[in-house]
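The same chain A turns up in both complexes below, where it pairs with chain B and then with chain C.
Now for the complex of A and B:
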């Protein structure tokens, strides 16, 4: 279909910057994008009949990575600290 | 700068946004709403089972008026349970290690139970200050002791949760530091220390769940006395 209506996974790499230019970057647009991403994640991995630990584990792993990134300034000096 | 082991409990902030905000709101993502399907997925079924178990356990001793507290006590229980358990993942931040947060949870709820009792049944509430069958000479001393114990309840609730979680996290950090430090020089002792660390982590998972339960159970007990 037309470029602006295709989801991100079906956009080819070369068309990426054109696709981004058709995006709606207003607060409502961004909020809508976040909601759509979250509901498609839930629909694909969590709201399935025989879901396993995979859906939640990905969320937890993402949370750990986010916390690591948040504390990065503290961790990078770990080796050189005298008192841990 | 003499940074100590207590560094892990300072709320880190990136670009001015403290991590505690994310740590407080992340548990909400782990609880998807069941929607309007008749048979839900495994996660929602598990979650519903857990909520039913908690609500039944908390509300059985309470009379009908106390059932108005079901929502807040159950949601508090799930909140504390998830926050405590998420804090055991690597690199994460546990908001319940902050005394400010635990006191902010304990004090208003305790005060609500006390004011409910004083408003609806003042003489019965004040009667709790003197246990039945006390010998007469002991009465003044016992009233003072019971009043002190009543007033110290919110402090005890908050500090109990803080102290248990802080001590657990601190122990984990200490023992893991010891394991890493020993691994180069004495590997056998390092393996023993690793075993201790493994057992301690299991204990910490248990403590995380038990402390959340104790917090809410005590609040429901204080409610039972007063409602």
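Now for the complex of A and C:
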């Protein structure tokens, strides 16, 4: 289909720049994008008849990574070595 | 998933058309519950979710790297990344690492041991809900089916209307006929009564006249018998009797 309508996973690396330029960065557009991403994630991993640990564990892993990233400055102080 | 997008887009597209066209289009594009295109029965949930390896890495990642790096590519990437983060201390090992490791071990052990049982229990709950709904649906279907048959029967009964009305018409004709004949009979009786009365009247009159005349004649005759005639008739009778007795005596 046309470039602006394709989801991110089907966009090639070379076309990424043009794809980003076609994106809608207004608040409604961003909100819509977030909603679409969330609903597609739910439809794929959570709203299934026989889901496994995959659905929540991915969310938890993402939460762990995010919280580590937010507290990185605090963790940097507890390094074991001075020179890497 | 794309089918679900299509299903979600269809009502909006239908609403965009002007109402009469939308209604017409609705009738043509939405034969109720006969084809796959109908909106009403929601498509069922997929059986299994997206494939995931080791619990939290989607399979698509491995497929994405397979053409260029083969099977071991993502694992090499993971190992290299891990060693890089540890050596550069971008990931700092502290007490939370130990805690995370313990928690992860416990969680993995719990899932491996109790996962299937919990899954079976949840499946049983789902199954009960679905079977209850299905039973209700079957019940309503059966009820509607019997209602349809009853309706068809009623429609068949309606065809007997003509016979019913014929019978009623016959009844009414019979009643009218009976009534007419009764009245005819009544008229005949009444007329006969009147005529009988006249006849009886005339008969009575004649009878009375006859009696009266006989009486009058008898009275006049008795009056006309003078005493002298009476004597003569008695003497004649005695003579006749004597003659008769003589003849009878002779016969004996």
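FYI, the second predicted complex is superposed on the first by the 78 of 84 C-alpha atoms of A that agree within 3 Å, B and C clash if a C-alpha of one lies under 4 Å from a C-alpha of the other, contacts with A are read in each partner's own complex, and residues count from 1 in each chain.
Quick note on the criterion: contacts are C-beta pairs under 8 Å (C-beta built on N, C-alpha and C of every residue); 3 or more make two chains touch, one makes a residue touch a chain.
Just so it is clear, the structure is predicted and the values come from calculations on it, not from any experiment.
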| item | value |
| --- | --- |
| Side-by-side fit of chain B and chain C on chain A, or clash | fit |
| Partner chain in contact with A:22 - chain B first, chain C second, else both or neither | neither |
| Partner chain in contact with A:81 - chain B first, chain C second, else both or neither | both |
| Angle at the Cα centre of chain A, taken between the Cα centres of chain B and chain C once the superposition is applied, in steps of 10 degrees | 80 |
| Partner chain in contact with A:66 - chain B first, chain C second, else both or neither | first |
| First, second, both or neither for A:55, with chain B first and chain C second | both |
| Contacts of A:47 with chain B and chain C, given as first, second, both or neither | both |
| Overlay on shared chain A, then closest C-alpha pair between chain B and chain C (Å) | 5 |
| Intersection of the chain A residues that touch chain B with those that touch chain C | 46-52, 55, 60, 64, 68, 75, 81, 84 |
| Residues of chain A that touch chain C when the two form their complex | 9, 40, 43-55, 57-58, 60-61, 64, 68, 75-76, 78-81, 84 |
| Chain A residues within the chain B interface of the complex | 42, 46-52, 55-56, 59-60, 63-64, 66-71, 73-75, 81, 83-84 |
| Residues of chain C touching chain A in the complex | 1, 4, 44-50, 52, 55-56, 58, 60, 87-89, 91-94, 100, 111, 115, 119, 123, 126 |
| Complex contact set, residues of chain B against chain A | 2-5, 7, 12, 14, 19, 22-23, 26, 29-30, 32, 35, 40-44, 86, 89-93, 173, 177 |
